[in-house]
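Sharing a structure below in structure tokens format, with a few things to ask.
When the chains are written out, they are named A, B, C and D in that same order, and each has its own residue count from 1.
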Amino acid sequence: MMNDCKILSQNARIAVLAARDLQDEKSCFVGIGIPSDAACLAKLSHAPNLSLIYESGVIGTLPHSPAMSTGSPSIAHNSDMITDSFTVFGELQAGRIDIGLLSAAQVDTFGNLNSTVIGPYENPKIRMVGSGGAHDIACLVPELIILMPHDSRRFVNDVDFITSPGANKEFNETRLKNKLGSGPVSLITDRARFYMSKDGWKLDAPLAGYSYDEATEDLPWDVGKGINNSITISDDLFNAIRYLPYLESKN
Amino acid sequence: MMNDCKILSQNARIAVLAARDLQDEKSCFVGIGIPSDAACLAKLSHAPNLSLIYESGVIGTLPHSPAMSTGSPSIAHNSDMITDSFTVFGELQAGRIDIGLLSAAQVDTFGNLNSTVIGPYENPKIRMVGSGGAHDIACLVPELIILMPHDSRRFVNDVDFITSPGANKEFNETRLKNKLGSGPVSLITDRARFYMSKDGWKLDAPLAGYSYDEATEDLPWDVGKGINNSITISDDLFNAIRYLPYLESKN
Amino acid sequence: MNDNFEISKKTKIATLESAIADNINSGSVIFLGGFGHAIPFYSSHEIIRQNIKDLTICRSGADILFDQMIASGIVSKVIFGYIGNPGVGLSHSFRKAVKNHKILLEEWTNYSLILRLHAGRMGLPFIPSKILQIGDMPDNIKYMKTIKCPYTDINMSAIPALVPDVAVIHAQQADEFGNIQMWGVDGDTIEGALASNKIIVSVERIVDNSEIKKFPDRTVIPAHRVSAVVELPWGAYPSYVTDFYSRDDKHYIEYDKISRDPDLLNGYIDKWIRNIESIEEYKKLIGMKKLKELQNGICGLKSNDE
Amino acid sequence: MNDNFEISKKTKIATLESAIADNINSGSVIFLGGFGHAIPFYSSHEIIRQNIKDLTICRSGADILFDQMIASGIVSKVIFGYIGNPGVGLSHSFRKAVKNHKILLEEWTNYSLILRLHAGRMGLPFIPSKILQIGDMPDNIKYMKTIKCPYTDINMSAIPALVPDVAVIHAQQADEFGNIQMWGVDGDTIEGALASNKIIVSVERIVDNSEIKKFPDRTVIPAHRVSAVVELPWGAYPSYVTDFYSRDDKHYIEYDKISRDPDLLNGYIDKWIRNIESIEEYKKLIGMKKLKELQNGICGLKSNDE
């Protein structure tokens, strides 16, 4: 019996799809919201030794209630370690955190992310929150996974401001030369998984239950035909969702 | 009644003389032995708010038994704070620790100190312990006080190796230009106090009970005639010695 | 020993009014502590009440306290990595101030802002980093320079030091001499405090020095670095303090709606900030029921007196 | 949830023999922890017993453990700020090895060595500092380069990063997954551990993960960074462990006399290191009377289960 992901909330679909990319015994720099949810699901299923690292300095936690900030009580509660932000970003810069998960307001085909402004920087239509640690993670982490709800306004040809740099040819050259992290490797939506090619995002496969057309609806990029037919979610992973009840009820 | 310092041990005489130079509400980077003893005496008499900072990261302590290492139990015991060495050296580099106290195997007239080798570096007669934090303190602290038992072998024209730089003209230029600490200001022996002039150590005054000749015996430098007749030790300071009984019994 | 040894030790305990008035001036650069946890709401509100203007406020990740200070018209510049309402959305007062060109921005990332404070704390004019070399952030930070590593020849960003005039932070406890103990999430709070020239601290409780000495590892700022200590229980509300009270997430969510509307926001600032004359009034406003709830929802780290 | 969630979590607990044999090779660069406090004597002795040669050992302030390792003939190079017998005098084996040109020196100061580790920990190829610009130290560190601050134009030392292959440290407690808790004096122990590629930890006791979670602030190294954990009560003797036992100052004083004389020193190394097959034997050698004395002379910081 195949697990029916269509019964899940949009956030839950992104989280289960992303969780698949998080292997056991890796360490993972996570932000609040779906990134944290995805990491928790992985840890509760196939990756019990996944180490969750929050930029607030909290390590080794498994929040069972939703947190609004990486410094929130439910993140700190029951953690294995609370250090400072300096330390965890230092570990990131030293290449000692394997995976990062990010979301943003806009993404382009090379995985450039915008969380700074809609419109021009000096005279913005909407001034957003700014980078936070997103730029830092995008520059430093060996493997970056981008999470986005399937919302066509978020998928653009050119982001208004590159808060968190992606995998443009020029950026990749600097990444290599100056020993930065290697940038985005996958884009997870609530309908599909994409991987980064030298020409930008290409479709891996739709989430089981979604068609090719749904997976690529309104995307402004040529994402190809896909290399797999569909992605099914393991029982372990699917069942783990019940341990994050707030994830099911969201949206 | 004048306090008779001649009844004190050699170390105790250095410690009381040095303690006079430690003003209340200052912070003070101290090493083990006489530097620590001097700071304790100051704190127990005229400088109750003197902050003692050890390179092991211990702050705000008043060891009542002798410690062999800055990381020893009696230093850590009853302290106000234990942080790391990185933090206390950082405070030092930021100019936020007022005074440093150092001793060494050799000192010259500009306060250059040697704790590295007797003989040439590549082929030493005696290989000693090396800088530890001494070089760092000598470079960074705004006000450096040097403590030495009166032992003619220690007072030299040229130290064999400049572990901890003093106040040579050339060093002073670099200190000013590159915003280092300003270097040694006083030399305390068990017989006298000297201050740094542009020509090297000059006599302030002998400790009460010691003659000019005793104070300057076998010194290879021209230390002048002294600017004061003698240095007397206040009752408060003198009486504080009984709180460090190991200091009285030493030597 | 000086007979007055104990009594002659200097106290750092001050009233909130004088702690702020004596240490913060118009034009001051202020670091505000608290990363999700232990945000110095009540003591920062006093800056608003004293109407000290033309301030620069800074930290890495800032929440609605920054929004309130910007809305109060006392902030001329922000140095930041993030300003928002975490988990809820934008900082609307910040958004509007930017749109109307009412505020100067010096925009960094969380890590680069922490590195700026780290360099300040270490007494370095700059610290190198691999970040801020690609993307639009580097274009935006106009005065940041780059350097070549003399060993590897790779280009690095030279992140300039930031030395705030004053840090305002909140912590669990202090003694009268100013030894500050904080535990739970720190984020960049200690980094920012140690980088600053002066440090003002509000605490949940003043304890005896002997309590401090039980856990010297928990002391995060030594007495000699602290300018003033103020006892302000609940001073971090609506954020939280580990082992004392939990975060009022609802307050943050409601603030989103309030801060979208100028009239509602003015009313909020009057009610929660301008008209408040003591921490007792602040507690009354929170209400006994909520105080109890938040005390029962504490984060669960063990206190040192349990 | 995976039915095997708890049992499928990986343990880091290892025997001392395999912890050393699996992680340290001939030629390894090893950081040894402990600044006066919690020096990893017993686990480092295992390196001597396994006769792993051609080692480089490093730390800022080193005591008689370095002397013992040098005397045992397994060290080809030291990277250090200080090597001595604190409060007693010189490191005689070091002194002799230098005199006889038996050892390579890379000599720094305590702060510069800490900065080297700090740069390593932060993933930077170097970190600037104001030290090492005047005196004879800079002449001695031949490959150290200088840089100009791009903002102030002042010259600074470019302290190169140090990334040891393995850190060997001792701490109070760990859980089976490798979360390490240490309190009391740290010095540069955590800095050195975090700078290193692998971390081997001996602890006074293994505790349940729930004990770790009571004081997450005391966790100094997260599980995922730890290669092996070995339970070795008394593993830091003759140094001390806060809340467990005090320092055997007399052992250090006697070692001065012993280490001056090659025959006495050989006898000491046989007796205290080479012929010891378990920590139980080590304890027996210390003797019940002394164990009791040292337990009663503990440093007085409160443990988290008291």
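Things to note:
The definition used in the following text is that contacts are C-beta pairs under 8 Å (C-beta built on N, C-alpha and C of every residue); 3 or more make two chains touch, one makes a residue touch a chain.
What you are looking at is a predicted structure, and each value in this text was computed from that prediction instead of being measured.
By number of C-beta pairs in contact, A-C leads over the other of A-D and A-C. With centres taken as mean Cα positions, chain D sits 39 Å from chain A. Distance from the chain B centre to the chain D centre is 29 Å, each centre being the mean of its Cα atoms.
Mean C-alpha positions place chain A and chain B at a centre distance of 57 Å. Annotation for chain A: residues touching 2 or more other chains are 58, 76, 78, 82, 92-93, 140.
The set of chain D residues touching two or more other chains comprises 123-124, 129-130, 152, 154, 156, 183-184, 216-217, 301. Chains that are in contact with each other form these pairs: A-C, A-D, B-C, B-D, C-D. Within the complex formed with chain D, the chain A residues making contact are 25, 27, 44-46, 48-49, 51, 53, 58-60, 76, 78-83, 87, 90-96, 140, 236, 239-240, 243. Of all residues in chain C, those touching chain B in their complex are 1-2, 4-6, 8-10, 120-124, 175, 177, 179, 194, 209, 212-213, 216-217, 219-220, 222-225.
Here chain C touches chain D in the complex through residues 123-130, 145-147, 149-152, 154, 156, 158, 160, 183-184, 214-218, 301-302, 304, going by the rule given at the top. On the chain A side of its complex with chain C, the touching residues are 32-33, 55-58, 66-73, 75-78, 82, 84-86, 89, 92-93, 112, 116, 121, 124, 126-136, 138-140, 161-165, 170-171, 174-175, 177-180. On the chain D side of its complex with chain B, the touching residues are 35-37, 60-61, 63, 80-84, 86-88, 90-91, 94-95, 98-99, 107-112, 114, 118, 129-137, 140, 152, 154-156, 183-188, 190-191, 240, 242, 246-247, 249, 252, 297-301.
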